[in-house]
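In what comes next, chain A is part of two complexes: it sits with chain B in the first one and with chain C in the second one.
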Partner chain A sequence: MTVDAAALRAAGQEAAAGNRGRASRAKRSRLASVGLHGALITASLVAVFPVFWVLVTSFKPDARAVEATPSLFNESSLDNYVDVLSGQRGNFLAWFGNSVLIALLTTVLGVFLSATTGYAVSRFRFPGHRSLLLGFLVMQMFPFAVLIVPLYNILIALGLQGTTFGLVLVYCTTAVPFCTYMLKGYFDTIPVDIDEAGRVDGLSPFGVFWRLVLPLARPGLAVTAFYSFLTAWGEVAFASALLSAADESKTLAVGLQVFSQQNRTEWGHLAAASILVAIPAVLVFYLVQRFLVSGLASGGVKG
Partner chain B sequence: MAEVAYVNASRVFPGSPPVRAVDQLELNVADGEFLVLVGPSGSGKSTALRMLAGLEDVDEGAIEIGGKDVTNVPPKGRDIAMVFQSYALYPHMTVAENMGFALKLRGVPKQQIKDKVAEAAKMLDLTKYLDRKPKALSGGQRQRVAMGRAIVREPSVFLMDEPLSNLDAKLRVETRANIAALQKRLDTTTIYVTHDQVEAMTMGHRVAVLKDGLLQQCDTPRELYERPANAFVAGFMGSPAMNLKTVPLTAEGAQLDGLVVPLPRTVLDSVAAEGLTEVTFGVRPEALHLAGADEDGMELTVELVEELGADAYVYGSVRIGDASERFIVRVDSRTPPAFGQKVKVAVRDNSEIHLFHPESGKRLSA
Partner chain C sequence: MRRFLDRYWYAYAMVLPVVVVTAVLVLIPLVQGIYFTFTDINEANIANPLLDRVAGYVSVGFRNYANVLSGDSSYGSFWATLLRTVIWTFCCVFLHVTIGLGLALLLNRPMRARALYRVLLILPWAVPAFISSFAWKYMFNSQFGIINQTLRALGLPEPVWLGQSNLALVAVIIVNVWVGVPFNMIALLGGLQSIPGDLYEAAEIDGATPWQRFRHVTLPGLRSVTSTVVLLGVIWTFNMFAVIYLVTGMNPYTRTLITYAFERFFAGASRDYAVASTYGALILSVLLVFALFYRGVLRRQGETL
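Moving on, here comes the complex of A and B:
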C-alpha cells in the first residue's frame, strides 16, 4: 500500500474531527461535573484518611498520639521508627524476617499448587473431578476460627506444630482453594486449540502447561500470587495460635500486639510499625500489577 | 513424506447410546497425495483428522503413517503438522517464534531455524511481519502464519482442519489456490478437512465424502461428480445441488411430467428384478435445458431466477404425480425466462441422468 502526504493529512483531519465529535457528545453539564468530582473526591478522602492519620501518628510520641484536639504536627520526630527498627521496642526485624519468609513461601507454594490443580481441572476429565471442585468450594465456607483446632491437630500429627513450614501449609489450605478456582477460570479462557497446537508441535502435556499456558495466564497468576501473599502477610489468628510463643518466632501481625497491651497502648510505635508493615505489601502489589493486563491471550485464535 | 492409512479405525464417544463419530473408516492415502475429507457438520471428518493427529483416541482399528502403526503414539511422535481452523497461534510469541517453535523444541540450531523461518516467510509473503505478535495481524496473515508454522517443520504429513473457513469469500478463493500450489510444490501428503464441496472439488487429488461417521465414497473429484455412489454424494457434491426426485417407473423409463426419460435396459431389468415401482432420479442443473415448443419436456413454472453473470439458474416447480417438485435448471444468462413464466424443460443427454435406489440410495445405473 502506498500512502502519500495528502492522504495522511486528510486522515489526520478526519481523526481530529472525530475526536471533537466524541468530546461534544460526552460533554457533561457543569453542575453534573461538579457533583461527580465532589463525590469522587469525598470517597477518595474517606479511603485515604485512615492511612494518612496512621502516618501522622507514627511521627508523634506515644503521649501525644491521642489528643482531645488532634494536631497534624506536634513534637513530630522519627523516634518511633528508630525505636521500632533498632529493636528497643519489640523484636521488629526478626518478626519482619519471619513474615517475609512465611508470606513468600506461601506465595510460591500456593501459586504452584493452585496453578497445577487449576490446569488439571480446567483441561482434564478424571474421576473425582467434580467432587474436587466442590470440595474446594465448600472449604472456603468455613470460618477461620473453626479451622484452628483441627489444623493444629493435623500439624501435631505431622510433627510440624510451631514451625514456619507448618504455618505455610495452613495458609495454603485457605489460599489454594480460592486460587485454584480463580486460575481454573483463567485457564478456561485460553483456547484448547493452543494446547493441541503445542502437542502437535512436540510438547509434552507438562510442556504445554509450562511453555504455553503459564505465560498466557500471567495476569491470573499475578492476582493469585498477590492474594496468597496477603493471606499470609496480614493474618493474626493462625499465626498466634500455631507458631511457638517465643518472641523471635512471631510474625509481624502477631508481634504488633506488643504495642497494645491491656492497660496502655503505644500508639506512636504501633503506627510506625504499621507503616513499615505496609511497605512490603505495597511493593509486592507494585511488582505484580504490571502483569495485570488484559488481552494477553488475544490474537492466537480467530473469533 | 509418507503414506497414511486408516485401518477400520473408529472413534466412539461414550454416552447413551454411544456415538460412533467415525465408524470403521478404511482409507488409504498415497505418498504426496492431497486428500480432502468432506461432509456436512457432524459427519466425523474433523474427528477423523484429529485421530490421525493423535489428539483423539482410536477406539477400534488402527492408524498408520509411513507404514508404521501410530495408533498409540502421542502427537509429537507422529511427524505431522496441523493447521487449525482457529489457527491456534501462540499469542505470546512473535510470528517468527511461532513458526520456529517446533524446530526449537527439536533442538535445531538457532541459525538453521532462522533460515528456515525466513524461507517459509518468503514463500508466504510474511517477511515483513516476522517480528509482530499474532494480535497485530489480519485474519489472512494469521492464516498464513499457521500455514508457515506447518511448512517450517517439513513434516511427513500435513493436516488441515478447515483452514479457510474464517477468511472472507475473496481471500478464501485466493488462498485455496495458494494452498493447492504449495502442496504441489512441497509434494507432502496432505489431509484436508472441509465442509465446502467447492474446496473439495478444486483442491483434492481425491475426495472422501463422509456422512454420520461413515465413508460414502472416495474418488477423484470428476468421478465423484459424474458417478456418485449414492444419492447423498450426488446431492452433496455440486452447486447448486443435483435435482433428486423420487419418480414412478414405466416400461420405458422414468415418468416425469410430460416427459419419459428412457433408461438403459440393464437398469430397467435390475429394477424390475427388485420389484421397484419408483426410483430416485437425479439430474444436475446443467444437464437440463429449455426445450423448444415442438420437443417433449416437463412443464416448469418459474419461481426464481438467479443470475450469476456467466450463467443463470432457474428455480421452478414441476408436477410429478400429485406433488409439486422443485427443479433447478441452468440456462443461458442472456435470455433467462421471466418470473411466473411456464417453460418446457428437457434432459440434454440421457447419459447424464443418475438413478438411485429409492430406499438405500445406492446407485442403480451402470
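Moving on, here comes the complex of A and C:
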C-alpha cells in the first residue's frame, strides 16, 4: 500500500522533472505539442463543465432553468441566492453552521486518530499491527449505512444520539481507515533515522511523533484533512438518521433536499444552494493543493 | 509480560483511541447487523425506546439468505443484480484506471500550464457527491438537459438517458467515471514520478521504442500502485451508493446490490432491516472472496499487498 505516499510526493518532484525535461520539450514536435495540449484542454473542459453549468443555472429563475434552448444568460439575477440565504425555504445559515462545525470536528478528530494509528503501524512491529490494517480494509467492504439501526441504538445507549459529537464519531469511523493507510504510507517515506536521532536527544516516543514526525508529514496531513472534511461535508444518509429532526439542527446536505421534493425540482434554487455548498469544499481543496506543492518543494520530506 | 509492555506500550497507546471507537461504532453494529440477517426484523417489530415498545422480531434461521439467493424478484433478483453490479464495477474501475493513467502520462510531461491542468482535472474530487449528481442529472435531462440540446443541434437522436432502459446504467457509469478519475489520476501520477529516470535512459540507450518503454518500464514500475488502486476501486465502486441513487433513484435498470439494500432499508412502509442486512452480509462475502482471489493472483506475479 504505497500508492498515496507516492501520490503525495508527486507534486514535489515536479520541480525536478521540469528541469530534466527542458531539453525534451525542445525536441517535441509542434504536432505532438498541439496533441498534448489539445487532449489536456478537452479533459479539463469535461472536468469543469458540469460545475460551470450549475453556476450558470444558479443565476436563472426556476422557470428559465428548464427551457428547451440552452443559453448562458436568461433573466439571470442573484434572486436565487437571495432566496436561499434569506432562509425562505429553511434556515440555510443554521444548516451551514452545523455543517461547518461537523466537518471541522471530523477533520480534526479524523486527522488526529489516523495520524497516531498510522504512525504506530508504520514504526512499531507490535503484535496485531497486521490484523489492524487488514481490519481497516475489511471495514470498507461492508455497507455501513444498513447498520444505521444498531448504530442508532448504541448512540442512544451512549447518550450521543442526535448530538453533533455522535455524528462526528460515526464519520470518523468511515474516514479513518483510508486515512490511516494514506498516512502510514507517508510516514514510511520519512527516514527512521530522524526518530532515532530524536530518541538519542532524549525525546519520548510521543515527543518524537509530535515534534519531529508530524511537522515533516504536513503535506500528508493536509490530504488527510481534505479527505476527512469531504467525508463529512456532503454526507446525507447518516446525517438524516442520526441528527435530530428539528430544522435548525440539520446539515446542508440534508436541508437542501427541500428543493427537490414531490417530483418538482426547483432547479435554479437548487443550483444556487449547490454552489454555496461547493464553495467551502473547493476552498479547502484549493488550500490543500497549494500547501501540497509548497510543502513538498522544500524537500524536507524527501529524505 | 513486563518486557512486552515495556516494548510496545506506546504503540498500543497510540492505536487505542481508534480501536475503542471502531470496536464500539463498527464492530458491535456489525455483529448485531449479522445477527439481524437471521431474524425477521423490520420497522413494525423493532424495539422502540420512544414508544416504549419491546422487540418483537423472531429468529428465522437462514430463511433470509434462502429467499435472497433464490433470485426471486420480490427479493431483488439477487443474481441478475449481482451481474449488473459486476458489470458496473468492472466498467467504472476499468475506465477509472485507463483514463486516470492516460491523463497521468500526459501530466507527467514537462510543459506549460501543467499546474493549472492539474488543478482543473482534480476539481471533480472536491465537489460533494450530491452536487455532482445533481449537476449530471440536470445535464442528462431529456427535455432541457444540455447534453440532449447539443445532440439536437447536431441533428443526432436524443435518447431518454435516465429512463427505464439500460441507457440509465450507461449514464450513471459516465457520472461515476467523472467523479472517480481524479483520485486514480493523482495516485498513478505519484506512481509514475517514483519510477527512477535512469531506467528510461537505459531503455533509450538500448534502443527501446516509446511503446516498449511504456510496456517494460512504466507498467512494471506502476504495478504496486495499480494493484492498490484497483483493489480500493473495486471495493468503493461496488459499494458506491450516492451517485446511482441520487441520479436515477430507484430505477430497476441501475439497481446494484447496495442500492437495493438501501431500497429495502429506507423505502416502503415496512422498512425491511433483515433483508437489507442480508444484502450487506452478502456484499461483504462477495468482496472478501474477491480480495482473497486478487491477493492470490498478485502473489503469483510476485507482488504482495
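Here is the rule we use: the second predicted complex is superposed on the first by the 251 of 303 C-alpha atoms of A that agree within 3 Å, B and C clash if a C-alpha of one lies under 4 Å from a C-alpha of the other, contacts with A are read in each partner's own complex, and residues count from 1 in each chain.
Criterion: contacts are C-beta pairs under 8 Å (C-beta built on N, C-alpha and C of every residue); 3 or more make two chains touch, one makes a residue touch a chain.
Small disclaimer: the values here were computed from a predicted structure and weren't measured.
Participant: I'd like to know which partner A:M141 touches here: chain B for first, chain C for second, both or neither.
Facilitator: second
Participant: Look at A:L203 in the shared chain and tell me whether it touches chain B only, chain C only, both, or neither; answer first, second, both or neither.
Facilitator: Touch partner of A:L203: chain B, not chain C.
Participant: Any idea whether chain B or chain C touches more of chain A?
Facilitator: If we count touched residues of chain A for both partners, the winner is C.
Participant: State whether A:S29 touches chain B only (first), chain C only (second), both chains, or neither.
Facilitator: In the superposition, A:S29 touches no partner, neither chain B nor chain C.
Participant: Considering each complex separately, which residues of chain A are in contact with chain B in the first and with chain C in the second?
Facilitator: Residues common to the chain A contacts of chain C and of chain B are 204, listed in rising order.
Participant: Once bound in the complex, which stretches of chain A touch chain B?
Facilitator: Touching chain B: residues 191, 193-194, 196-204, 207, 212, 215-216, 295-303 of chain A.
Participant: Report the residues of chain B in contact with chain A in the complex, numbered from low to high.
Facilitator: Contact set of chain B toward chain A: 53-55, 74-76, 80-82, 84-92, 101-102, 105-106, 133-137, 139, 142, 149, 153, 166.
Participant: Using the touch definition from the top, list the residues of chain C that touch chain A in their complex.
Facilitator: 7-8, 10-12, 14-15, 17-19, 21-22, 24-26, 28-30, 32-33, 36, 41, 46-47, 49, 103, 106-111, 113-115, 117, 119-132, 134-136, 138-139, 141, 143-144, 146, 149-150, 178, 181-182, 186-187, 189-194, 197, 224-225, 228-229, 232, 235-236, 239, 241-242, 258, 261-262, 265, 273, 276-277, 279-280, 283-284, 287-288, 291, 305
Participant: Once bound in the complex, which stretches of chain A touch chain C?
Facilitator: Going by the criterion above, the answer is residues 1-10, 13-14, 17-18, 20-22, 24-25, 33, 36-37, 39-40, 43-44, 46-48, 50-51, 53-54, 57, 65-70, 113-114, 116-117, 119-121, 123-124, 126-127, 129, 132, 135, 137-151, 153-154, 156, 158, 169-170, 172-173, 176, 178, 180, 204-206, 209, 230, 233-234, 236-237, 253, 256, 260, 267, 270-271, 274, 277-278, 281-282, 284-286, 289, 293.
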